[in-house]
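There are structures below to look over.
Each of the next two complexes has chain A plus one more chain, namely chain B in the first and chain C in the second.
So, the complex of A and B:
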């Protein structure tokens, strides 16, 4: 790492955002060594990409702000790539291109920036997307916020892939690709400097292997990645849009013991805590076991489980069956969950 | 120590429910004192599976809820005082004062920091020697020791820029006040787990001895609460009235001596105003006179002088709800003019309050009697 930093400034200053010599030096010394696509290396005002053939195009854009911007299991750079890539994947698209725009806070440590740029490059490579355009600005903000990143992704949809909540039917099975709340719990332990016996790592990951393992199957109705607002909010949204009832069983939802413990301590409901590398698939009952076993064969979805069924029992609402067989409505998250006092 | 999952084991739960069913022949009105219990009862859906004879009364179990509005107005005022940082636990930030919240003050440029421990507030004071750091400290006996410790730590470090805006309330005196009110029909108490870990279960002996009501100090997991209900029913069945501890993995008879000593070093008892309930004798803690330089209300007395308590809200029945006389659904303002986003009264202000819990789970009736198409 030290060698990579030789000759680089220690911190970001306002001059790095002026568009002049400092900006060029920053781009050439920090970004271009890692972002090697041909359109980007040419430093033109636009990226020109080859014609793609006939497929439909999917586009997604997202801005990433997180405090702290580095946490166990990843950093804001991983989130910025995986978040947008996963949004493309949830529609069934194969991600192809990504643009990345940075807003850097004055005072950001350059070694942190290099680490984040490396993470972006690695995450993009893992999902086989090319970073084809970028931008950098510097603002006077709170140094602890570090940087904000906006990514826009472009992907292509193969024929025959048509997923969406409007295709959900009663009797469909709900599959979750792994444990809930890992990302939110990881960020909180770092944000509040909580000491635990084990390190809780963010689950930030590309869902590419999971989606590619099952995309050819008929009977996939809809996929979603339960990020902000957690699993409960996603189930509530899908129920609302489909007009049906997504019913999950609490005992079937995988959750790590340390994550559950942290949520207990902070008074947070893990079903409302963010995930960054999980998906929910609603699938026809006859393909459920095939989808499940194919997901479990991938590393990113090895803990996949069938967590519930679609019914018509409370149209427009998601339900959770608790451990003792009681049922409660899962509402949309109305406000940010804040740690409690006692 | 048993694994956390054992306390959620559904087989154990059905066994406990069956035995509860056998013993619950007469109606039983149980008051839970802790907001954590209120939430757990809803989260697990206990009211759906317990026999109808068992009725829950939700007590004044949330320290944020019972903190008078004027304290929030003072915190909000301090947040826009020049050169001042207000540090507070997260759940205090969105509680409205008369006109604003700490969250809104922060959005408008006030320096408001979320802390997770009282020592975070001390660290902020160390890192910002030219600013006044006011730690807004609210809580029951659970948080009082750590909060008290922050004052001792500030004193040891000779920190002149650290003060506390304090509102600490005590559980046993408010239970006594509820029991003194002869209109309240409470048969038994589910004792608060975290508070009891500090004060010890013996602090509740008066409930059994003087007022003849069973108390079982309970943990927060599904089977903790079911086991506690069973213990209350067993006491009644055997004609006993005792203080028992279900939450033995955390609670001792005598409590935590060190925690109690720190409280005694820093705080002294005072008559205390509870939002919704009024003043209850000897039910709160104030910073001792010899430590008054750390008391924000004394240090900034001139600045805070003009902040007076607002009139009680109209159309709010929180007082009756906090005493278990009425339910949130009985209130005309519930979920209409009073919501977690814009709370009128004490029980709605924090997620641990009874009205907020009912609000979160207000769709519950929708699914009762609903069919389950497999």
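So, the complex of A and C:
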């Protein structure tokens, strides 16, 4: 790392954002060594890339403002790549291209920036996406904010893949790919310097292996990644959009003991805490066991579980059957449980 | 305006960024009424759109952090649309799709946000681009920053259009589409509350009519929009990349009297001050007069002028022939002349 930093400035200054010589030097010394795609290296104002020829393109954009910008298990860089890649995957698209726009705070440590840029490059490689265009601005914001990153992803949809909440039917099974609330719990412990016996790591990860393992199956109705707002908000949204009832059983929802303990201490409902490497799949009952076993065969979804069923019992509302057998409505997150989480 | 604001909150609060009910309400009351594309209205995590089938796609991204975020002639909203649309146009692409990601500061006035969203919608309509995806985050930043906007644009390149600095040849003519430094001067007068007899308005505008007027001509080598760093930085970059010498004549460069006066008073070189609705076209000498007259026939480029010629006199450097006949090298902007300009 030290060798990589030789000759670089120690901190970001406002002149790095003026579009002149300093900006060029920052791009050439910090970004280009890691972002090696041909369109990006040409440094034109736009990247030119081939279309895939499949006829349908998926596009997604997200800004990332997480504080702190480094946390156990990841940083804002891999979060920004995985978040946008996963949004494309949830529609069934194969992610292909990514743009990355940075808003850097004056005073940001350049060694932190290099670490984040490396994470971006690694995360992009893991999902086989090319970073083809970027932008850098510098603002005099709050130093502890560090940086904001906006990623936009372009992917391509294979013929025959048409997923969405409008295809959900009564009797469908709800599959969750792993434990809930890891990302939010990780950011929270780091933000407030909470000490526990174990380190809670963010689950930030690409869902590419999980989606590719099941995409060819008929009977997949819809996928979503339950990020901001957590599992409960996603179940509520899907119920609202489909006009049906997504019923989950609390006892079936995987959660780490330390994450559960942290949430209990802090009075947080883990079902509303953000995830960054999990998916919900709503699937036809006859393919549920196949989807489940294929997901469990991937590292990123090894803890996948069937957590519930779609019914018509309370149209438009999501229900949770609690550990003691009571049922409660899962509302959209309405209070500010945990801001600046992604 | 007042009617539009009835029932809306007065200011942005952090709960608007949590991904739950408040975020939904903000999206439904402030964004969706103006962003009417079908993919966006579906509120999925990704937008699905058709490819154009031409085989080549152009993609560009930019973050906008201008301060103040409203200025004579525009605001951060139309700036963010026009800036990215123009970047696509400079490669010869027809802009088609746009994503818009907002980072809102807590305390931002919602009436200002609505005004900006309206500007975004109007600017997108003027360039015939669909806003197909978006994102909203809220941070506790500096209130006067208001908001940052990142736009990503996707366009399609017609067959036969291949522009770039590598095609520039000695003898080519350099055409500028209008007056320099209007945007930077406008932001500056607003930022420091400078009072003049006339109001200097930003030139933020879509270059679509200008590019479409000439795109079918053979002999266009390269286009660039001289934004951050101004005309001088763009000429320097093109000289560097082409290995040739872009020589401009100071007396041929259009500039408004009030902008020149402001720059003189403040000690700014207008050639380094940002433009947001201007282009440089480097073209073969035999089409120069056709390009010029077609540009002048459009409103956005009515003041177009031939400002110089490409030579081999100082390979890799841009030269300016000053009013008194001396020649000076135009370097990349190195000092911070004017930050937070776009």
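Operating definition for what follows: the second predicted complex is superposed on the first by the 335 of 342 C-alpha atoms of A that agree within 3 Å, B and C clash if a C-alpha of one lies under 4 Å from a C-alpha of the other, contacts with A are read in each partner's own complex, and residues count from 1 in each chain.
Just so we're on the same page, a residue touches a chain if its C-beta (ideal position, glycine included) is under 8 Å from a C-beta of that chain, and two chains touch if they have at least 3 such contacts.
Just so it is clear, the structure is predicted and the values come from calculations on it, not from any experiment.
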| item | value |
| --- | --- |
| Chain B versus chain C as contact partner of A:57, first or second or both or neither | second |
| Which superposed partner A:269 touches (first chain B, second chain C, both, neither) | first |
| First, second, both or neither for A:326, with chain B first and chain C second | first |
| Greater chain A contact set [chain C / chain B] | C |
| First (chain B), second (chain C), both or neither touched by A:180 | neither |
| First (chain B), second (chain C), both or neither touched by A:12 | neither |
| Chain B/chain C common contact set on chain A | 331, 334-335, 338-340 |
| Residues of chain C defined as touching chain A within the complex | 14-15, 17-24, 39, 42, 44-65, 87-88, 90-91, 93, 97, 99-103, 132-142, 145, 148, 150, 152-155, 157, 164, 224-225, 227-229, 233, 272, 274, 331-340 |
| Sites on chain A touched by chain B in the complex | 170-171, 191-194, 247, 251, 257, 260-261, 264, 267, 269, 309, 311-314, 317, 319, 322-329, 331, 334-335, 338-342 |
| Residues of chain B that touch chain A when the two form their complex | 3-5, 8-10, 13-14, 17, 35-36, 39, 42-49, 63-64, 89-94, 114, 116-117, 120, 138-140, 142-143, 194-195, 220, 222, 340-341, 350-352, 360-361, 363-364, 366-367, 370-374 |
